[in-house]
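Okay, handing you the structure first.
Naming follows writing order (A, B, C and D), and every chain is counted from residue 1.
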């Protein structure tokens, strides 16, 4: 196991925002390997987004280091890092601004200065994966929440990142669209990092869970172990017991 | 594009204030029932924020003026909107001076009103291309007019400022090109996504 | 038993948007005082349009509505808007004043509440929502959970008889979700909830009104609704896949154990 | 860029405790008086008065200094342009290069530019004591008591509120663009991107206005924003104003009748 090279390697990473009393990240050590899908969970303010921002090179390590695919994240390498890592925002509206879905997907590719044939191929490919081929000519603005989300992921996917970070991918979706999206996420082959509060979704999509509290990773174990650790879940306000009560009412047979 | 404090003679500054108050009052009375107030205010804040976007121009960068687009979208209410934006800018960012809110409003507001009037004439058109081109021309015109009024105002400061006026006018020529394209693209976007926002009804 | 007159009654309501979209096609509905109603349906089925008719933001083309016995017409609007507190989905749209205090005071001021009573009401609402320390804060400085609570305080201060919530728990983390659900569940008013979040509906509401394509499709009890898989699926509320992860983890059981412990001590 | 005029409104100083109505009225008259100054020596005097008032507020000078960037950007070029373009008058000193005869440098232009700059800086510095020593909304409410129409006040307050909403929207959206490897340059792709971006902001804002307006109606809004304002002017407030009026009188007297230096 140790011989395998880590795709993402965080070493003693610490970060504090200006004027903040506490460190937002406090000595993070962690390795993430190719094709893993990792859930980052924790209460608000635990440092999940700050960690994601480090992986994108939006924030730079104040001490310690972030290494992605054996390249150290520092200002000179930002372009490379952004080729490697794609970030899907929580609110797709923050990401979509083009008059049509096609232009939306093309935007990143034009910025990468790809030839037009390649752009065309990648748009088709990404639209196929996310099942948005029928929307290409429509303005993203008029789509439903679930469709927008798929377009936002498709636009990132077309840039072919090796690592896909998703911030609350199922926020604001109804259960049906949640299911559709969860299945789509499961079909993606790249390395995935999902930040979410939604344990059921994480349970469906991830094998490994990193639990963050107060800027530290307090647990790093398999999703199954995490779901079994009820005390931990309760302690950090990630409880979904009352959702289960609802499940029970729908499916009494399963809980007999 | 702003005239700072201390450039123009006081009589012009005060005159600018009076004219701005007069025109705003006319615009508000003529067009608006009080129900529209919150809407105008929210759109004003978008333009305020948009004017913070800086566009690279060769080695330097310029901020967007958007007088044309304001006129296209708000019509007669463009003038009070410009005035509000400038008051907020003077207080929050110090872009425009306190004593020159009046003249600056006149400069941008008249340009916006003119652009709005011209665009209004073509709203009934069913041809996408015509509407987009007119939008782009309004963008150009808004900037050009504002630059001309800027130059004229600088001239009132006396013979010594003629040179500054000429150079200010010349410096805005590349900005006109930028504003033309951006306004054109924005109008095309709105036409596609929400045409009623610019008062156009396209047949599908 | 004497029959109470309904607090809301809607008869044959039709509405078409100015752009020609037909949104409501003959809605009939009565709601009794003290009921909690879950209003569900697909996007575009007319839920939001319907609730905006209750306080006269939209005026129907045909049909009539009465709220607390008053017909919803121009002369009564001000009174009716005092009776109905409406919480919108995005708190940024509900908090339009420079400070939280101003926002909470906005409703009562428009209802011509005098200065002393106003201050008391604002204090009371802020206290209920746990926002006393943030009264003078601009709302853009609040966290999302605080904004949601501030938005609720703005309607509490109007002391309405009916409260309407549009997606009250969207975008919240589980902790805040639980807090907001708790608050809504304990409000002593007639409540109408629009939400895709079945658990909160389940906790708060006893009755479900299903809308489809501008009409009322079904009215039933929450127990009936929640066991009707087909209807749940049709309205995008099918929760089943979430149950997979509850399955095998009997949280309820565990929770009972913890409670038992605390009893025995 | 984030408006932070509000940062120091909680400090305590003679300027902070000054009734906002009198404060704004007095200082705006002072601003116009500074704008009318003709002589560079008086302009220096104005700058001194502005800095004095600013120091009284106890707001760190560096905070106010940051606000001078925009003025410097607008007036800065005057220092380059005016010496070259001002028409020669009798008594002017002119430098020229023996080989570049057309390039004449007139020192009077330099003085003119300096005068404009000094005046602009003095006035810009005044906005900090004027609006930075009360919470923004209280200053605006004070304007209503100074007979600015209610409609304007409403729009100012609402715009102010939504500037923050759109600023954070703009920030998130431009970050999203940057992460998709967008780097602005002088080309059509950049302009098209900004045009679409602007269109998106506008569409989203319009949809927001609808909801905001409905939220206001729901809480009984009838077109007038009722404004509560609790200040009462005291003797000390009038005393502060009269001190400033004496300074104004001094400026005008020195500039017009004493003819500066």
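Methods note: contacts are C-beta pairs under 8 Å (C-beta built on N, C-alpha and C of every residue); 3 or more make two chains touch, one makes a residue touch a chain.
Computed from a predicted structure; not experimentally measured.
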| item | value |
| --- | --- |
| Steps needed, at minimum, to go from chain B to chain C via contacts | 2 |
| Mutual neighbours - chains that touch chain C and chain D alike | A |
| Between the pairs A-D and B-D, the one where more C-beta pairs touch | B-D |
| Euclidean distance of C-alpha centroids - chain A vs chain D, Å | 43 |
| Between chain D and chain B, distance of the C-alpha-averaged centres to the nearest whole Å | 19 |
| Averaged-CA centre spacing for the pair chain B and chain A, given as whole angstrom | 41 |
| Distance from chain C to chain A - Cα centre to Cα centre, in angstrom | 31 |
| Contacts with 2+ other chains: residues of chain D | 136, 157-158, 160-162, 165, 169, 196-197, 199-200, 203, 208, 212, 216 |
| Chain C residues counted as touching two or more neighbouring chains | 96 |
| Where chain B touches two or more other chains at once, by residue number | 38, 188-189, 193-194 |
| Every chain pair meeting the contact rule | A-B, A-C, A-D, B-D, C-D |
| Of all residues in chain C, those that touch chain D in their complex | 52, 55, 57, 78, 81-82, 84-86, 88, 90, 92-99, 102, 105-107, 109-111, 115, 136, 138-140, 154-155, 158 |
| Chain C-facing residues of chain D, complex | 6, 135-137, 140, 157-158, 160-162, 164-165, 168, 208, 211-212, 214-222, 226, 228 |
| Chain A - residues contacting chain D, complex | 56, 58, 79, 82-83, 86-87, 89, 91, 93-99, 103, 107-108, 110-112, 141, 155-156, 159 |
| Chain B residues within the chain D interface of the complex | 2-10, 13-14, 24, 28, 33-35, 37-46, 48-50, 52-53, 55-58, 64, 66, 69, 73, 80, 84-85, 87-88, 90-95, 97-99, 159-164, 166-167, 178, 181-186, 188-190, 193-194, 197 |
| Complex contact set, residues of chain B against chain A | 188-189, 192-194 |
